[in-house]
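Chain lettering (A, B, C and D) follows the sequence in which the chains are written, and residue indices restart at 1 in each chain.
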Amino acid sequence: MQLKAGIIGAAGYAGAELVRMLLGHPQITELHLSSVSFEGEPIEHAYPNFLGNTGKINGRLKKAEAVIEAADVVFASLPHGVGETFAKSCVEKSKPFIDLSADFRFGPDESTFAAWYGKGYQYPELRQCSVYGLPELNRDAVKRLAASGTVIIGNPGCYPTAATLGAMPALAHGLAGDGTIIIDAASGITGGGREPARAYHYPECADNVSPYKVGSHRHTPEISRNFAGISAAIRPIIFTPHLVPVNRGILATIYIPLTRPPTDTPLTALKTVSRPPTQETNAKAKDIHTLYTEFYKNEPFVRILPFGGVASTNHVRQSNYCDISVHLDQTGSTLIIASAIDNMVKGAAGQAVQNMNIIFGFEESAGLTAIPALF
Amino acid sequence: MQLKAGIIGAAGYAGAELVRMLLGHPQITELHLSSVSFEGEPIEHAYPNFLGNTGKINGRLKKAEAVIEAADVVFASLPHGVGETFAKSCVEKSKPFIDLSADFRFGPDESTFAAWYGKGYQYPELRQCSVYGLPELNRDAVKRLAASGTVIIGNPGCYPTAATLGAMPALAHGLAGDGTIIIDAASGITGGGREPARAYHYPECADNVSPYKVGSHRHTPEISRNFAGISAAIRPIIFTPHLVPVNRGILATIYIPLTRPPTDTPLTALKTVSRPPTQETNAKAKDIHTLYTEFYKNEPFVRILPFGGVASTNHVRQSNYCDISVHLDQTGSTLIIASAIDNMVKGAAGQAVQNMNIIFGFEESAGLTAIPALF
Amino acid sequence: MQLKAGIIGAAGYAGAELVRMLLGHPQITELHLSSVSFEGEPIEHAYPNFLGNTGKINGRLKKAEAVIEAADVVFASLPHGVGETFAKSCVEKSKPFIDLSADFRFGPDESTFAAWYGKGYQYPELRQCSVYGLPELNRDAVKRLAASGTVIIGNPGCYPTAATLGAMPALAHGLAGDGTIIIDAASGITGGGREPARAYHYPECADNVSPYKVGSHRHTPEISRNFAGISAAIRPIIFTPHLVPVNRGILATIYIPLTRPPTDTPLTALKTVSRPPTQETNAKAKDIHTLYTEFYKNEPFVRILPFGGVASTNHVRQSNYCDISVHLDQTGSTLIIASAIDNMVKGAAGQAVQNMNIIFGFEESAGLTAIPALF
Amino acid sequence: MQLKAGIIGAAGYAGAELVRMLLGHPQITELHLSSVSFEGEPIEHAYPNFLGNTGKINGRLKKAEAVIEAADVVFASLPHGVGETFAKSCVEKSKPFIDLSADFRFGPDESTFAAWYGKGYQYPELRQCSVYGLPELNRDAVKRLAASGTVIIGNPGCYPTAATLGAMPALAHGLAGDGTIIIDAASGITGGGREPARAYHYPECADNVSPYKVGSHRHTPEISRNFAGISAAIRPIIFTPHLVPVNRGILATIYIPLTRPPTDTPLTALKTVSRPPTQETNAKAKDIHTLYTEFYKNEPFVRILPFGGVASTNHVRQSNYCDISVHLDQTGSTLIIASAIDNMVKGAAGQAVQNMNIIFGFEESAGLTAIPALF
């Protein structure tokens, strides 16, 4: 099966990453691109790296409507709250619509969306045919909806992807206790998009680390909702993003309090403030590592690192992998998961392509076979 | 009062930073330097940046014993467990010894030191005249010991400095509940020292973020002990360091569960997974911010950022400041503190100079007046 | 046609890059790898990024001899002067040997090699079946030798690749005058290999630019020889490499004095020190740009940027492209070419694969179709 | 003598660097700052790094006129072509005006300025009391003008500073032949200022090297004019700037053809393409190195590196030094000088302060004593 794909918002970073991936996708024969800022220009004007690789691209950057008309499947990489009209148009034409914004990530729960994004839905009824497209969580739901002939994908946020894949096995297996789960995460600068701004101006963010939107980042409810769905229990979470001077990558460090506190905590050992991990703690960590490995054994894009390894963004760069390493704190009471993705691939464009592959019954890794380079 | 200062281990990064600071210190007239690897060479061979600024330096890099003989005050920047002989020698000569290793950070608690550092003390009795040199916590103890005529400073670790300064007001005021305090921190690559190694090889750590020594970093017991000392209660902590591609800087994000849980947690609001922070939560955050500002109002090197600001390593670079920003999670149940220092200055050499200033009764900021540049 | 490929020195950076490319090469069914430092271990121990992608790799890292025995084509990524025995062994078995060191770049001219590399040839006779493998210069020679059944490729150095491709059209068309050609170039840190060393230690090379080996870099005679071969005239060249804080990439800025000096130079305009480029100068630059475009019109991996564009390493990153932009100085008397490659791909492993493709008559871009990402 | 200093354009990068330096200057008691974009706000809003260091600053950012009124000396860090009115006003009040734009760098030569900057002078007569403020070249002229009571400093451009200091000894001693002098230079991103733009957006310039404005950069005529002034001969120059991912720093590599070509060039040695440098060439290089050392022996801010050393931007970072290393190409026919400065200090604000020190007869290094850190 051969498809024509369309990308609305092709000149943003996630859009350009979609272009790159779909150019190399074996089932895509033609690409139709739109962009408001570069309309009428060839994509190489915005992205000279594509020079000589544009054979599949049909003409210059055009209007969104023209893209929808020409394509068999439509991706949208737009700011939140501006793409519903395009989604509606695709639904009417029975063309899958894969949306990289937050508009379809909350399904019918408009109140949560409105509380965090500051506006309601334009066409609430579209959520009847939308699904949150995290394949490792919702693959069957995506397939079912696709089979029905009408499907909108709410492609997950970058941080929620890393956090949810990292916590899922522990939550699904009931390892998590009642305490707050903390996700402390760092993102590369591409997460801020291509529009120049002081926060992403080289001299302001090079050689710097800092948190941002502490206690108020919009990915918080998405992560929270995902966790609740997995464990069927609402559990408080805290999510703190940081900006670090790398181009691509998200590293989420997730702290999950375990259900049964260890019998010998520092609290009971009054004379002792702290001790290194015991053999018992290490054995417990290995057990959880085995559980994680088993949980994801059939997933093509989740790699549980060998015990003792550490998830690093440079091991997944430019690939659709999520690398996960499993650790315990020194007392054995809290599970610590490090989860690394490329924010532009598994955190955006790659996952969107993965969803397309599922919708059309392609090999799930079609177009996503890039092997990460260490450097 | 004018002093001759000695630095043992002057060719390492912290040692070189001490050289740089003491060259600019108004009370230091002469510097004596030692280094095993560069013995017999001028310091500019190891650090060409010093060219033309070596007027105060007495001769070439020499043996540690010669440095102790010549100096009025001795700094040691050596690996853990190799400097006790030099400390003993300084004590015998009634010369202050300021040690940047962990050897004197645990005072008489040899068992904790031994558990984490893998060896015991060589001269345990030296701990009778040693003190943990975090001025904001122990200034008076440093002064008392100095007045006694014999003083060894256990200069704090970089992460413990950022973590302790960040948590101290909350702990001292009894804001912290019983739950685990989590310190999730990131360090620049200079933290690994000057010795080339794969982990610090440019292509392996540039454009990368990853945690290391999860659940087992040696700064864990130091932080834990500091917290216990402030609040007079032993409280479990988790400390996770990360390596980020910046030269200098530590950013510690500290999660402190508050004593009284808010009445309207997500757990009680069954239909609601998550909501943005309320005005009430913001008001509570402001109160804690005021408390922090008040707590440090007389400290020359701690800056509580205006409410709404965010601690960033580039605002303290090359200075002795610790910048602290105060936040709450969206439910108001956990205090989130961001604490930023330059790991080479407040996290090592600058703090050592600050301790020297206290010992000799100099202006505490003497030699530490560099104003950080944003870029 | 399906091949088994062998890589000697697979755990270095260029070796690992070969592994990555050959894993994705459609005609390679099996990979045999050797490494002295990682012998007996799986490649993922050295390069965790390969996790889950090692299906084609036959066993663990083994001895070089075993690799030669098993493979149909052998790549060697070794230090200079240690691989001739392996080359000899391959020649005896009629297996192509593609050598990434300098050992076979100078053909029978042992004296130039010896003058710069400090040692002579071990088996000088091997140069009867060796060829300098810059396809854009020597494609036919590679084919002829391959047809003869015995072929050793001296895979070009990274700087000489960028410099030669950048200067070739001007030299071949006789545009270059008698003056010295200057190549001022910058390289990413991976050019220094994977062995940790002070020069490549993150804090020493991050946020820094500096030249190295000024007037004495070993790529000087290779560039000089290439230029002489193209224009049939020996012409003095100067080559100055710089180290810049990027992972991958070489940017060579090449200054070629033109044959006919413009009539109105600043020298003749006594009152005038300097003026911006005139329309006439711009027209002349466009003519040379056209000539460059024409020269490379059939080359799959050389991209002449549209007039006004500027070669940038981030436009070719992780691809086998050489991007070239054409400029003139403000007086129109010197051609200035900017030539950008990925030092690990077109400057090493990618070019080696390109040579293999030519030897075996594969599509020249087989395994080399990665589209560069801008970020 | 104590002064009040004023800075017009204090919120740009060079302006903020001036603030930082003047805050630490022993003769400055008060600072008056202006900024159009931050008028009415305290400087810490724009630069949080200044928090707690603003004691010397008089009030909030105000209008330029108020700054001129209050200050004894006025610095202007404005775009080209907009500050002449302020200069005029200062002249009328007999207050020194130190201008960091290009407006006063060309003195009476309005035609060259107009040719490159696209507009003429507003008040040409102001050039009667202006001087190009490169102290190593024009110190006496600055002093003379200051003594006259009216002085405008045209503070040099960053590239021209590095290029001129690097070439001056060779030009002054008549070492340079008739050939074209090439300056190939790299700049850190702060050179582009604080205004966000695509070219300085982190993901576009991190991990990238590329030239810009080839053959057309406005610093070309400034360099050319300086060279002509030193050697009393107009000589063609080529200047090519590059952007590299560092925050601060300029590294200029300068190629100066020597007067007497060596007798044994590669051109005469027909069989030989290239040979490494001979002992004779090295001896010649040492002679020139000695000449350079002698030339600058009394300059406080120029460091000629020991023979064999290499100028590196990280050795001068945050200092007013210009580091120069002396080399020859392998044939001995071209002098290659590497010249490194911090573009924000010796290339802008530091040099401006140095000029102020000269004008008022202060110690020339007052406020400029920062010792560079290697990392």
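Keep in mind that, in the parts below, a contact is a pair of C-beta atoms (placed from the backbone, for glycine too) under 8 Å apart; a residue touches a chain by one contact, two chains touch by 3 or more.
As the structure is a prediction and not an experimental result, all values here were calculated from the model.
On a Cα centroid basis, the chain most remote from subunit D in this structure is A. Just to note, of A-D and C-D, the chains joined by more C-beta pairs in contact are C-D.
With centres taken as mean Cα positions, subunit D sits 36 Å from subunit C.
Centre-to-centre, using mean CA coordinates, subunit A is 46 Å away from subunit D.
Along subunit C, residues 13, 190, 203, 206-207, 245, 247-248, 312, 314, 317, 374-375 each make contact with two or more other chains.
Contact residues of subunit B toward subunit D in the complex are 13, 16-17, 20, 23-24, 47-53, 190, 206-207, 247-248, 303, 305, 309, 312, 314-318, 321, 323, 344, 369-375.
Note for the complex: subunit B touches subunit A at residues 112, 115-116, 179-180, 182, 184, 186, 203-204, 207-212, 214-216, 220-221, 224-225, 228, 234-238, 240, 242, 244-249, 251, 253, 255, 257, 265-267, 270, 272-277, 281, 310-314, 317, 325, 327-331, 333-334, 336, 338, 340, 374-375.
By the touch criterion stated above, subunit C contacts subunit B in their complex at residues 13, 188-190, 194, 196-198, 200-203, 205-207, 245, 247.
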